[in-house]
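Before anything else, here is the set of structures, which you'll find just below.
Next come two complexes, and both contain chain A; in the first it sits with chain B, in the second with chain C.
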Partner chain A sequence: MLNEMIYLDNSASTRLDERVLDAMKPYFFDTYAVATSEFGYSMGIDAKEGLQEARGIIANSLTATPEEIVFTSGDTESSNMAIKGVCAALKKKKGQHIIVSKIEDFPVLNTAKNLQKQGWDVDFISVDSEGILDLDELKSKIRDDTILVSVQHGNQEIGTLQDIAAIAKICKEKDVLFHTDATHSYMRVPIDVSQIPVDMITMSAHTIHGPRGVGALYVRKGTPLEKWMDGGFQESNRRGGLENIPGAVGFAKAVELVTDKETEFLASMRDYTIKRVFEEIPHVTLNGNKKQRTPQNANITFHYVEGESMTLHLDMRGFAVSTGSACFSRSLEASHVILGIGGDHERAHGSIRFTFGRYNSMNDVDAVVDAIKEIVKQLREISPLYNKEA
Partner chain B sequence: MKFPYTEKVLEHFKNPRNVGKLENPDGKGLEGSPACGDMVAVYLQVNPDTQVIEDIKFESYGCASNIATASIITELAKGKTIEEAKKISWQEATEELGGLPPVKAHCSVLAVEGLRAAIRDYEEKHGLVSEQEPTTVDVIRSRLKHVMNPMAGLDIIRTELVTKMEINDGIVRILIDLPSNHQFAANIKEEVIEKIESLWDVKEVNVVFTE
Partner chain C sequence: MLNEMIYLDNSASTRLDERVLDAMKPYFFDTYAVATSEFGYSMGIDAKEGLQEARGIIANSLTATPEEIVFTSGDTESSNMAIKGVCAALKKKKGQHIIVSKIEDFPVLNTAKNLQKQGWDVDFISVDSEGILDLDELKSKIRDDTILVSVQHGNQEIGTLQDIAAIAKICKEKDVLFHTDATHSYMRVPIDVSQIPVDMITMSAHTIHGPRGVGALYVRKGTPLEKWMDGGFQESNRRGGLENIPGAVGFAKAVELVTDKETEFLASMRDYTIKRVFEEIPHVTLNGNKKQRTPQNANITFHYVEGESMTLHLDMRGFAVSTGSACFSRSLEASHVILGIGGDHERAHGSIRFTFGRYNSMNDVDAVVDAIKEIVKQLREISPLYNKEA
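Moving on, here comes the complex of A and B:
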């Protein structure tokens, strides 16, 4: 039954690639020793080699060195580690002020809010109507006691890409550390740390057809980072806990499998979706910037209709997408991203996010646009708002 | 396939009954929720001799629960007198649908409010409103039973979010047991004011949050 589903929610999670599973398998059944047992028995050496090879592949993807990669349980842990680690390290030395954007995903946003509760001074920088950060506001908010700026690379909902090179430069000039959450852009939009002075990067395997429950944090050599979760001395004493070697190996395999050609294809599915929707359905708004955008993301508001009704109709026809409508979330909160770009509840209410992945095709795009065209028409017919303004 | 709703909810969602609007309705109600953004409009055609609802239509700008509840409510109300229709409760509608997820109560209660608003509109237009009673704390309490506590999916009276209600000289003061910066504070305030300010003798509504 599930195989018939056309899955267009690839920013939530992706289908694992079989080749990733094949790469992981030996580390479950043959080389299952822990990496720290290298002085005990040879299987430990094999395990350590597997882990180090994976580390090297992740490092290479950013033009970093292997020592700069810390494996984690995913993007939530990576961002917690980065922000809480720097805050703990610099609290007494430099100050208690950090800066994040208003449209960060929950790992960064809620870490910042938690620190605020504990007495940290936090500034939330605005974005424009397309989600692009106000660089002047950022510059004006950096103070002598600012220790960290955390601004995402690609947005989780509207796909807007921030100019992290410009942000990194501002931070470098002001001698402030810069962390970016690249969960939704990693391997789709290149980051070269030898060119961009970013200090820390959050990554996750689950957005690129890798296993869930594994991610990494890039930490530039020399970055002051206190261990935020106590445990053993793994990951060069930066992250306690048994290494997830199968996960790390799977993550690295997923990285190797991403090609530029595939990424271009995701972008063409995105563009085709937007093109068809705008040509064939009236009263629609694109959320996010048209050009500065992650290749896999199309987010569109269909005015006068509600998102959960659309997703449920789509679900009944075999499509999986998501919406920023308050009705969709258990918390009844409208998307803070859509509200952050100056949209009202109505804009969030009718927003649909389509995110593409390796297993989608142009046929999927045609099928979902055909379906949503009918659904929107049907729901608008019963909408009191549409009748009034039509 | 698995859905978070009962088959009956899905059936009414897919094929909602009595959809649309009536030209020159005898009564019309429009209810909206600032918290979740849903809206529902209900239109009535009432026989002036028998007071029976002969036709009823609805429109929805809402989620599945909202659409399904509005649909079932029009079925329940059709053919009933306005006095009978007034008694249709949210519980009755939900039971008829085989239940709804608790977090969705908010969206579905709107449909019931839409029907009641349409009936009130009909009564006011047709001189059926009984003599205006002065607003008391009991009146306020019953109105606030229509404001949902989104965290619980039940109203703010039953979940004891309202800690105090006062009325003095047309000035109403409502104390809500939430910090003013709570994520739902602004929405709850808006809905409380909306429910109270329309009372004929209320001049001002003050909503006060705890620390």
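Moving on, here comes the complex of A and C:
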């Protein structure tokens, strides 16, 4: 009952770009002072300028203002901060109802489930067979006491992109706050907050070859949000804790290094993979929408194939494959995403996720597809079910 | 109304040790995979081994077991997790009363104040004129519905060390959980959890030349603690979020690099600073206890001197000085620590914190004391109050 995934980039956490580390180094060894104080010494002021410059770069990538960016320790913290912060701020003022999609990644999904345990009313909106949110269902579920809708931008497993402009419009009309987890789409699929009335956006550095342990939350000016982590007055009093300035600077450098050309190349590797697999391997299903998907993601079910066997065989050939989603670990449950798009356990079981990154080439794509082709053939030859049905 | 501080090590956040960065590098560039999955591919398993090895090193430093260590994004998160986690777990079972000291650093102090706003009953225990906790007051405040005592190990400003063995014993006898914030003492003053019945310990990497954005919480086996940050099952299901493996590995390396000899040298720089200042500059007060203090800290009030002027003059001479505590920023309030030990605004105003680190030498100490001696003399010459009173 496993959802198998292969990372051409060898991990859900991408390799750090050397240029990112170079940008961080001065803040490790020279300008390492605390930047919090406004009455600071020269080094502290330099460090603060580095932090503010990084904040400006992240803000600019969304057409936001620097004051609207809060640095965090990653996307999990950003989503916890967003949802719990708004819930704490509006609980007594408006109500205790929130809405999320059924295929959210664990930071949003499990935060919603935790709130449910605490007495919150939570609706989980369905998606169609390609993972696209049912907008009519969303509209029908919004009530007077609904305080927040949280629907992801790009899916973590099947790459499906939601129409966040349409969702934001619905929320705006109904006067409900809208948060989107953009961990898997940030910098690959543009979001312009001056055009789309989204209130909060979760971002992470690790998906774009930035450092781990660093993320950010975009918070539209005026959004009611209770402080996350008590402590000092850092991040405009929205998140206590000594700033991870090298991390923020590295995140900003990672943002600067992403180019449209590179993103187009990731999409071309994705499309080439899908094309070759569909032309050369029978009994396959593409999970997710063909066009509305993140450029770096392909997710394909190879029917009549055992996931664990595939993992082992690919690993032996030097391809990094993992089971379950990146946030998943101790469970043998089938992926809630594959089940959410109407797949059964058999489909979840034989699915492979390809994640393309900066350090991949078309040669890698050919090599992994060649390997899969051989392995699938071998495994099917010894599969009783395949020989009976196919 | 400022508490002035000088960092001989130039910051409350110490300079990263190059050897720490070298230890982190393989996890940036080679073994960067997600280590969460238990059914993982080879690289993921290698990364997981790196994480577990780091966990073992932190555990060993406290005579704890690896399962008792939770990695976090720093001491602020560790203290929030500890206090809020226990409060959430025991609220309905035992009560809503907690106890902290009056001179805690902001992560503990402001978490306690936040809980107070939410309806919790919080007692703030006094300290004497050297910052030592009143154990009789502590004993008298523990009630049947008290669930937690949180008292720091070493103070962030005046360096005073609390007798955490005695506090832990009191808590153990009264069946109350005990958390200590050891951010400023960890690895400089030993804590052995096999000898001292402390339940939770906050630690941070940035104070021992490790990376920023990384900390840990020791959680004694069996301690009731609600999960912090919903998401994946990382950190034995106690903290969701992709593991910052390079950060954890860097933290562990920083721990390994601390030696008793180095700590003794920091103490000798501290003692030499105090000796020279008291012999050569009149009208000074040592803040904190002379013996029960962290080896790297000296905090001295220079009476009849304006804090802001001192800052400016020292900065011009190349010494990094900050105003307010490290977690403090936008406020001109006097330090709650100096007020807590019975100091007045004038005393808070002219206090300087010295923090000694790996990259300091006795020459640095002489240079900064020489500079302070000159500056204090100049500033007093133009001080009407000094010329009237002294």
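In this text, the second predicted complex is superposed on the first by the 368 of 390 C-alpha atoms of A that agree within 3 Å, B and C clash if a C-alpha of one lies under 4 Å from a C-alpha of the other, contacts with A are read in each partner's own complex, and residues count from 1 in each chain.
Rule of thumb we're sticking to: contacts are C-beta pairs under 8 Å (C-beta built on N, C-alpha and C of every residue); 3 or more make two chains touch, one makes a residue touch a chain.
On a predicted model such as this, the values are computed, not experimentally measured, just so you know.
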Touched partner set for A:224, first chain B, second chain C, both or neither:
neither
Worksheet item: First (chain B), second (chain C), both or neither: which does A:206 touch?
Response: second
Would you check which partner chain A:384 touches, where first means chain B only, second means chain C only, and both and neither mean what they say?
first
Review point. Touching A:315, do we find chain B (first), chain C (second), both, or neither?
Key: both
Per residue count on chain A, the busier partner among chain B and chain C is C
* To do: Tell me which partner A:190 touches in the superposition: chain B (first), chain C (second), both or neither.
  => neither
**Request:** Using the superposition on chain A described above, determine whether A:214 touches chain B (first), chain C (second), both, or neither.
**Result:** second
Practice item. Applying the touch criterion given at the start, work out whether A:26 contacts chain B, chain C, both or neither, answering first, second, both or neither. Key: neither
After superposition on the shared chain, which partner residues are touched by A:66: those of chain B (first), chain C (second), both, or neither?
neither
Contacts of chain A common to chain B and chain C in the A-superposed view 308, 315, 326-328, 330-331
In the complex, the residues of chain C that touch chain A are 2, 7, 10-16, 18, 21, 28-29, 32-34, 36-44, 73-77, 79-80, 105-107, 110-111, 113-114, 204, 206, 211-214, 227, 229-234, 237, 240-247, 308, 311, 314-315, 319-324, 326-331
Chain B partner, complex, touching residues on chain A are 1, 304-309, 312-313, 315-316, 325-328, 330-334, 345-346, 348-349, 381-387
Listed in rising order, the residues of chain B that touch chain A in the complex are 1, 3, 5, 10, 13-14, 16, 19-21, 30, 34-41, 58-67, 103-104, 106-107, 150, 183-184
